[in-house]
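Note that the chains are named A, B, C, D, E and F in the order they appear, and that numbering of residues resets to 1 at the start of each chain.
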Amino acid sequence: MKMIDVGEKPKTERVATARGFVTMSAATVRRIRAGDVEKGDVLAAARLAGVMAAKKTPDLVPLCHPIALSGVDVTADPGPRGVAVTATVRTVDRTGVEMEALAAVSAACLTIYDMLKRYEKGMSIQAIELMEKKGGRSGHWVRDG
Amino acid sequence: MKMIDVGEKPKTERVATARGFVTMSAATVRRIRAGDVEKGDVLAAARLAGVMAAKKTPDLVPLCHPIALSGVDVTADPGPRGVAVTATVRTVDRTGVEMEALAAVSAACLTIYDMLKRYEKGMSIQAIELMEKKGGRSGHWVRDG
Amino acid sequence: MKMIDVGEKPKTERVATARGFVTMSAATVRRIRAGDVEKGDVLAAARLAGVMAAKKTPDLVPLCHPIALSGVDVTADPGPRGVAVTATVRTVDRTGVEMEALAAVSAACLTIYDMLKRYEKGMSIQAIELMEKKGGRSGHWVRDG
Amino acid sequence: MKMIDVGEKPKTERVATARGFVTMSAATVRRIRAGDVEKGDVLAAARLAGVMAAKKTPDLVPLCHPIALSGVDVTADPGPRGVAVTATVRTVDRTGVEMEALAAVSAACLTIYDMLKRYEKGMSIQAIELMEKKGGRSGHWVRDG
Amino acid sequence: MKMIDVGEKPKTERVATARGFVTMSAATVRRIRAGDVEKGDVLAAARLAGVMAAKKTPDLVPLCHPIALSGVDVTADPGPRGVAVTATVRTVDRTGVEMEALAAVSAACLTIYDMLKRYEKGMSIQAIELMEKKGGRSGHWVRDG
Amino acid sequence: MKMIDVGEKPKTERVATARGFVTMSAATVRRIRAGDVEKGDVLAAARLAGVMAAKKTPDLVPLCHPIALSGVDVTADPGPRGVAVTATVRTVDRTGVEMEALAAVSAACLTIYDMLKRYEKGMSIQAIELMEKKGGRSGHWVRDG
């Protein structure tokens, strides 16, 4: 078990974008849109939870480096079959921020689930995936398809 | 935004089980089985990250109650198309532990991704779902299908 | 330095309410009401930050007991001279939750300041005070005046 | 909700100083001076809690950047009507440290309240304010009056 | 890897005491006694760090249960060859608090080292040990010798 | 109490290595080697706990600077009389990483104790010491003897 040494890598600008999806019934989506959720504003809470989780990534993912994030943006968009979440994380550091983007998406999806579980237990968190990654040795990577 | 008052609910035994899946290529699964991963033992790290994340759930999910967990068990099993993760969380408290089980699965999946991303960036975290929930007002719930 | 032993005290229902105020110019209040703040929804973020801080109180206040909170509600209301914040925290435990209510108010006020500091640096956080406290040996306490 | 991107801003030396005040009765001030407080040394605990809170600011204030603090100094001085707290925080980074200074003051004030609440519940935390800020695009700012 | 289920165990009063020792030169001990340490009051900081670490034990020790501590007392006593640290932790819960007592001692010792390392790098942390444990199935245990 | 300002020090490469030892009976060492421990893989958990604790050092040790760690490696080797732990931590920063190495060793030792305490309460954590330190103003330091 080790956190691999990155001390020799240069500090460069890096960006990563990830996405995920919480599937739910149309009735539950309507509830979000109507603001009829006892715990409060689902989309605002999800976005905030995502930003905060990006900052906690090294505490959640044991072998992840602590990174000085320079920006985090999380979106949460309700559609007919659920809520789509994306997170874009930026840094100027020695290692990439894909884990931070994935952690932000995960926490935002968990928060959506938490606020709605009273109404629907069978929701599913689907397709948490890296979409794009720029900067660093591995250059520009974009998800296929 | 509020953390709903559960002070009037009785303390009862509660159990929740969740699962998730990290899809990856057969080559990456072989790498896990062969122990050929620079960061170390993927399955042990994933299980430990899952247990620790269960304990951090109220810090990750903003409106979640702090709960005195009495037990957490996380499994991570490699199969032909990836690694299946499950988490079972127990408590004797006023509210359920489904968020703790889902958070444990999420963190275990993120950890698997982190340790293997050097070999395959296109892995996907799929189907993080509650499987079963016992105890409390809503009784015994089992996922369909 | 010690965290005083409360093991002999009975678990009883306890509630505490605290308030605070962030003073600012009328122009900044208008900006909040208009939603014209680059970082996002000030009042939603403040309320969520307050709830999360209540849960982190024993980590912020060194000699404070860890308490199983049963409910937290934070409000943030803009008025002509700034934003009034209140927090009500509930538990069924051996010690009171006034520190949790005060910590929630403090974090909500800091969050309001953070989101608006780009527009006005001279805001002031005023009168963070316990308003009411019920339960436990000291009974019902209400702030004078 | 977003943590605004600061990746293009240069790393420069930055300093911020904040202050706050806990008002209390003369009897309670005497108790601090006499060291007659069951939980221990109020001023030492407050100063330490302030330094630790400065480091936790990005965890308390949701949209705040994580910053590599280079120095933190917290003072706590009893006077006739209560305890005055100040915090000075330094960094060499892309964004300012006013939130860290304000968070340090807040946590120090909460700690003072916690250690003394057994003796006086009506204490008030007053005037948490930024006093001075140096470095960065906005230059040198000093509070009026 | 699992956090073993303790849900069937009764909640009982439990106490654990641990100790440890930081060895150092007589000159460094004199510096502590004289208050001639740039970072501040070594013994107050050590005691506070110990109390706070007791509360963070489940975050530090992966398979440790979260426990509602009812009291923590940490001492730090300078002697001719270094500083002796003890921690006593109490709870009314389903599992013992020996890890909390040991974690408190460890953090107090690390804090002593940190504040004095500028003056002496060769200090050693010695004999972190459980001294006594009461309550729970295993009854009263006292260290030999 | 202050976190001393290091803003004027240059960022340089720094490495620190620390060690520690958990003494136990031969029977308990055999249990580790045989994998006969109910909580799971002792050495993997200890190593992971060590890496995670290195990242949490500024939260554990009150006056310690937050540092951007570039690498952490923790080993745990069973021998006839117990388990020897070492941690090597690297950074490119303004201050050294000896506290991070010592905190990693401490947490790994506590984790070993926790997983085995059911079998042997009298284990002792011994000789947590800095072994070597490179980089920074004080140059290369190696422990005597």
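Throughout what follows, a residue touches a chain if its C-beta (ideal position, glycine included) is under 8 Å from a C-beta of that chain, and two chains touch if they have at least 3 such contacts.
The structure presented is a predicted model; accordingly, all values stated were derived computationally and were not measured.
Novice: Hey, what chains does subunit B share as contacts with subunit C?
Specialist: Expected: A, E.
Novice: Whole-Å distance, subunit D centre to subunit E centre, using C-alpha means?
Specialist: Whole-Å distance between the two chain centres: 28.
Novice: Measuring from the mean C-alpha position of subunit C to the mean C-alpha position of subunit F, what distance in angstrom results?
Specialist: About 37 Å, centre to centre.
Novice: As a quick test, compute the distance in whole Å between the mean CA positions of subunit C and subunit D.
Specialist: 16
Novice: Which residues belonging to subunit C are in contact with no fewer than two other chains?
Specialist: Within subunit C, the residues that touch at least two other chains are 1-4, 40-41, 44-45, 47-48, 52, 56, 59, 62-63, 68.
Novice: Quick check of your reading of the touch definition: is the inter-chain graph here a line, ring, star, complete or other?
Specialist: other
Novice: Go through the chains and record each pair that touches.
Specialist: A-B, A-C, A-D, A-F, B-C, B-E, B-F, C-D, C-E, D-E, D-F, E-F
Novice: Which bits of subunit D are touching subunit C when the two form their complex?
Specialist: 1-4, 20, 38-41, 44-45, 48-49, 52-53, 56, 59-64, 98-99, 102-103, 106-107, 109-111, 113-115, 117, 121-130, 133, 138, 141, 143-144
Novice: For subunit D, which residues are in contact with subunit E within the complex?
Specialist: 40-41, 44-45, 47-48, 52
Novice: Which of the residues in subunit E come into contact with subunit C in the complex?
Specialist: So the residues of subunit E touching subunit C come out as 13, 44, 47-48, 51-52, 54-56, 68-74, 90-92.
Novice: Please name which positions on subunit C make contact with subunit E in the complex.
Specialist: Contacts found on subunit C: 1-7, 58-59, 62-63, 65-68, 93-94.
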